[in-house]
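Both complexes below contain chain A, partnered by chain B and then by chain C.
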Partner chain A sequence: MRNYVLKRLLYLIPTLIGASMLIFFLYSLVPGNFVDSDPNLTTERKAELYALYGFDQPDIERYFIWIGNLLQGDLGYSLQFQRPVTEVLGNYIWSSFFVALASLILTWLIAVIIGVVSATKQYSFFDSFITIIVFAAMATPSFFLGLILIKFLAVDLGWFPAGGMITTGSNLTGWDYVKDVAEHMILPVLVLTMLGIGGLTRYFRTNMLEVIKQDFVRTARAKGLKERVVIYKHALRNALLPAITLFAFELPALFSGAIITEQIFNWPGIGAIYMQAFTVRDYPLLMGFTMFIALLTVISNLLADLLYGVADPRVRLK
Partner chain B sequence: MAKEPILQINQLLTQFYSDGGKVNAVNNVSLEIREGQTVCLVGESGCGKSATAMSVMGLIDPSSGQVSNGEVLFEGQDLLKMKKGDLRRLRGKDFAMIFQEPMSSLNPVLTIGEQITESIIEHELLSKKEAKQRGLELINLVGIGRGEEIFSSYPHQLSGGMLQRIMIAIAISCNPRLLIADEPTTALDVTIQAQILDLLRNLKEERNMSMLLITHDLGVVAEVADYVIVMYAGKIIEQGPVVELFKNPKHPYTKGLLAAKPVINQRREKLYTIPGQVPNLIDLQPSCYFSERCEHCMSICTTKQPPMKQIRDSHDVACWLYEEEVSV
Partner chain C sequence: MKLKSMTIYITILLVSFLIAACSDEDSGTGNESEQATNTETQTETETSIVVEDARHEATEPAASPALAINRGDTVVVGLQEPGGVFTPYFNTSGYDGNVQAVMFPPLVEINEAGEAVPGLAKSWDISEDGLTYTYNLQDDLLFDDGTPLTAADVAFTLTLLHDPSYGGGTDITEAKIVGGLDYKNGDADTISGINVINEKTIEVTTEVVNARSLRLIGGQVLKKDYYGKDYQKGQLDYLNALHQKPVGAGPFRFVEYLPGQEIRFEANEYYYDGKPEVAQFIYKTTEGDSLQFFQTGELDYSALSANQDNFEFLQTLGFADINVYTSSAYGYMTFNHEKEVFKDPKVRQAFVLGLDRQTIISTHYQGYAEVANIPVSPTSWAYTDEIGSTKYDPEKAKQLLEEAGWVEGADGIREKDGKKLTVYYFTSAGGLGDTLIPIAKENYKAIGIDLQVEQMDFNALLSRVGNGDHDLASFSTTMLTDPYNGIENFHSKSASSIIKGFGNEEIDALIEATIATNDLEERTNAFHNLYKALDENPPVILMDYKKVLSGTNARVDGFEPNGYRGIASSLKDLKIVDVNK
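And now, the complex of A and B:
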């Protein structure tokens, strides 16, 4: 087992090197950069800035400098913020993370429950009703869904704040601060959950329907086990297995932000920063962030394989 | 024949839904199994053998079919009229079932031990420790050594024959009085088949169980059955004690089945086959369902259903050939 993990970890190295090359050269081969986007600069000033940021070096050389810095945990220097990329990411990534985490937990919980119930009561009223609701939520664009929620729940009813992360001008600390942020989180989390729930519900419903038809479920019934035990112990465990892979892939998504939803709710998350960096060609920030997501993706891949082995005895390593 | 019937099925009608309408998979079937008796249900694929067994177990999937009529009396109680919970408490305890595919009939993510003990714990109110003790004894009883090791292994680590032994262990774990075995040896290779049949026969004798064995293998029937019921297109067409039926088959279909059985040391160019196919069960007109394939088919066979008639002591056949009052 330890050898296997070690081997898999070693495999990560070439993958990441490949990813870093792709990321770096894609961005550096794009014509134009941060300095070019300011038309008011004189030629001398431009040359000065080129030298300062290292844009005058050959691409290959710049790649190795970038890689060298990466290995020391330095993702580069954001031109737009004039601060290290790690610091910028650190400032914004957590606000995105908490929204994503809350909606992830909510989405999965609801999707599993609905999936199981509509599979065990296939073609019932509940099943059809939920199917329609779920598809409607999934098919509505996030900006529309967000605006509707703001209109009804925030403006008309005034239950939740319409946007932002904390009440403007407030100076809360401790629990009050947490409560304030949580209140602001509710609407964006709701939107993300409604968007994500559709596909996942259908996924669990299909998996469950598949498993319920299996011989071992019939055996469990023939043993005289309670229906609850048959469904939740025998069927659900098998239906959840393939979802482990899916779940591990959600890990990078936790940190990558939700561009549109964050914009609508004025949430200071990484998605908004990412978009902004594009418009001003803040490539170091983009490269650093993309590399970070690439790293998370390969790690979650490995995690998915290891977790699968824990959950499914058939692929467990001896 | 003083022994009481442990299972009595009266006029059972089980229907499955299909695009063309309802299909009578089990059509007016009546049979009984006495204490300690082994009854074999024989017939081609799709003749309603398994559907009969599933109806008894109450395991017909409600989305695909239903038991529409009849009685299933288990020790006098009608299982069809029983509350779901009460039926569940009997199922796996007083009557149990083993299935055709041992490979897929066990849950791949639970240990063998877990799967053996859970029904013991459910029905016998034993502690986990006592259940494990019982489980180990059962593994030993069905002829697998290394009990502890097997107990903690998963289904994919065992062979088909071992898994079927485990299925048997699960089925007999609460000392059922009736064991239904639905083609228990079909998926296994021949040498293992014989071992499993021996095991079933021994267990049945030791524990004085009754057994309903479903098979299409007449070799199996000859080896273990006391009484044989032949089904065709959802109906019973002939039944009788095993020796009598093998020596003196009456129904042309039974004769055909026996003729189609390969005999050792008799090499024939071609094995006998019954011509034609099982009729489509959807729109059957009142007739003998075998009439299309029957070499003795008479005019009445295509218009009227033959009644069950007793030929000899507990040997019944449903065929117009044996109705004297019919003029040919």
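And now, the complex of A and C:
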């Protein structure tokens, strides 16, 4: 087992190098950079700034400079914010994280419940009805869903704030602050949950259906166990096993922000900043953040594999 | 079982409906351009209806949302996310400039006609020869921390801008202050042309007469013993630590910056023109559309894209005071003057005359823009409607092309020396381009020009135009605080990356004449002479002067936006009024 972990950790290195090359060269091949985005610059000043930001160096050289800094934990300097990339990410990433976390918990909770119920009552009215609802929610584009919710729940009914993270100009502290943020979180979390719930529900439903048909469930029923115990103790546990992999994959999503949803709800998250960085070509910020997400992705892959082994003896390595 | 097949049927129906809805969206751009051509004929009958610049009072102030009224004397305005550099002269993002404008008034302000008016300087004198500027500061000027603002602070600011390691966007050397270059490039310790007479008076001597120097030298003021505490020549890195802790002398004082959310200011009791009535001012960060925030009352003031829909939307709200005003910028389509085909002014004239700008602008902006005739906005003192023209004259265009030697080929496209008249037009995706492309293609085809179009994002556009890949490309200027900014790129020695290779000695001389005097009347004449010459020898196809639309919640009085300073100069006069009266 230890050898396996070690081997997997070693595999991470070439994967990350490959990812870094992809990220760097994709961005450096796109026409236009931060300096180009200012039409008022004179050619002279442009050359000065090119030299200052290192755009005049050959791409290969810039790649190694970037990688060298990365290894020292330096993600670079955001051109647009004129601050270190790590600081900019720190400013925005946590607000994205909280929304993502809240919607992750909600999505999984609801998906498990719906999945189990619609599997045990396959083809019932509830099953069909819920299927339509989750498909509809999943198929609606996030901007549309977001705008509809803003229109009805925020503008017309005035139940929730239309956007932002806190009431503008408020100086709340402690519990009041938490309450204020929570109130602003409801709509974005609702949108993200509605979008995420569809796929997961189907996933749990299928898993559950498969497990229920297996011999050990029949055995459990034959033993005279209560149906509830059979479903929730014997069947559900087994149905959840493959979900461990899925859950680990959610790790990068927790930090990557929701670009469209954040834009619509004016949430001060990393997704909106990422998009803005794109329009002004703030490459250090884009590359640093993409690399960070790449790192999280490979780590979560590794975690998924390891956890799966822990949970399911059948796939454990001898 | 029956129910099952029923639900499956409904599901399929629903899903296919949604799929259809999505695919409709994907083809949206295609539809738009079709629509544009369809409306073409329609608008020709109702050409050149331009919405007047005006202020429309709210019809029903009492409809103002409770959220806004309960906020009391805190005024909230929307702004795009700034970069967080709040020291004047050092920002890279224009939105940082908006934040700075709240705290840092300049010595010389600018009014809604683009004329210089007193700011921190109550008056100024320009010597007979036009070379020496004496600024007299307002009485009892204080920074927002209560310490006095003196001529020494002004001198420090000007010195800092001459620092060899200064990397910001302000080029002070254009003012040619005596001794400035010795400081920037040599080893001088001070700038000899800057002379502090007393606490309230500073005299600056320049080498050449330049009409722009008055405002260039009389800009925003940095506090010497704050921003210059650790100053050593050639060392400006220490300033990075102060970028988010600004100390200014404006109507409001900086309180807090919450990234991605808001920037808070409070009324400054030390402001020379009196403490503003509004206790708190907030710039709230909004991405893109801020309509919903204005509607729910979260924003007291919001600028919207100027079109009839948004105007009507504001009207139906009832509580919005609506402002329509003209921007100081102008939109244009640049020629690539390095291409052989555009060397002949007749060809360029033909491109101007052969494009039905009126139809394009009216269709796209629904009256919220007018066709440009000269490279300066109607808001400026330099504007005249007697020069230049906005007319569409395909016959004249054909004739000019014939004269230039481009004759019609077999397929209707003109040729010269075996080369077809095919031009490549670059524009950014979305916006005016969507309307312009189909009309321009038809217009140009009718006079024998084959127009090929490529749409790309703005940075790619700038980059490719910088490389000279284009024949034609669309751009807009920034706000033009001086009419000179609108024409400086037409100088043959201009280092602009958008307009390269244009100009000759005659035009250069006319351009230089526009800043060679401080007399407004003489300058106006100089500009008019230049505009006449440019009309004969067009450097660009002038497109539009756009309108700006903004809404103010009726509970706030005093917002007077203009095309030069936006809302910055009216912030000090903000007042809260009772909407129920």
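Criterion: the second predicted complex is superposed on the first by the 316 of 318 C-alpha atoms of A that agree within 3 Å, B and C clash if a C-alpha of one lies under 4 Å from a C-alpha of the other, contacts with A are read in each partner's own complex, and residues count from 1 in each chain.
Operating definition for what follows: a residue touches a chain if its C-beta (ideal position, glycine included) is under 8 Å from a C-beta of that chain, and two chains touch if they have at least 3 such contacts.
Computed from a predicted model, the values in this text were never measured in an experiment.
Q: Following the overlay on chain A, give me a clash-or-fit verdict for chain B and chain C.
A: Aligned on chain A, chain C fits beside chain B.
Q: Where does A:Pro242 make contact in the superposed view: on chain B (first), on chain C (second), on both, or on neither?
A: neither
Q: Quick check for you: in the superposed arrangement, does A:Pro268 touch first (chain B), second (chain C), both or neither?
A: second
Q: Which partner chains sit in contact with A:Asp312 here, chain B, chain C, both or neither? Use first/second/both/neither.
A: It touches chain B, and chain C stays clear.
Q: Where does A:Gly199 make contact in the superposed view: on chain B (first), on chain C (second), on both, or on neither?
A: neither
Q: For A:Ile150, select first, second, both or neither according to whether it touches chain B, chain C, the two together, or no partner.
A: After superposition on chain A, A:Ile150 lies in contact with chain C alone.
Q: Chain A residues in contact: does chain B have more, or chain C?
A: C
Q: When the two structures are overlaid on chain A, which partner does A:Asp215 contact: first (chain B), second (chain C), both, or neither?
A: first
Q: Please work out whether A:His234 is in contact with chain B alone, chain C alone, both, or neither, and reply first, second, both or neither.
A: first
Q: In the superposition on the shared chain, how near does any CA atom of chain B get to one of chain C? Answer in angstrom.
A: It is 11 Å, taken between the nearest C-alpha atoms.
Q: Which positions of chain A sit in both the chain B and the chain C interface?
A: 123
Q: Spell out the residues on chain C that touch chain A in their complex, using ranges where they run on.
A: So the residues of chain C in touch with chain A come to 3-4, 7-8, 10-11, 14-15, 18-19, 22, 25, 71, 74, 76, 81, 83-85, 92-93, 167, 169, 171, 240, 243, 258-262, 264, 280, 282, 284-288, 292-293, 295-296, 298, 457-464, 466, 475, 478, 494-498.
Q: List the residues on chain B that touch chain A in their complex, please.
A: Residues of chain B touching chain A: 57, 59, 63, 88-93, 96-97, 99, 101, 104-111, 118-119, 122-123, 154, 156, 167, 170.
Q: Can you tell me which positions in chain A touch chain B when the two form their complex?
A: Chain A residues touching chain B: 122-123, 214-216, 218-227, 229, 233-234, 237-238, 241, 311-314.
Q: Taking the touch rule as given, give the residues of chain A at its contact with chain C in the complex, in rising order.
A: 30-33, 36-46, 49, 52, 79-83, 91-92, 95, 123, 125, 128-129, 131-132, 135-136, 139-141, 150-151, 154-155, 158, 161-166, 168-169, 262-263, 266-269, 272-273, 276, 279-281
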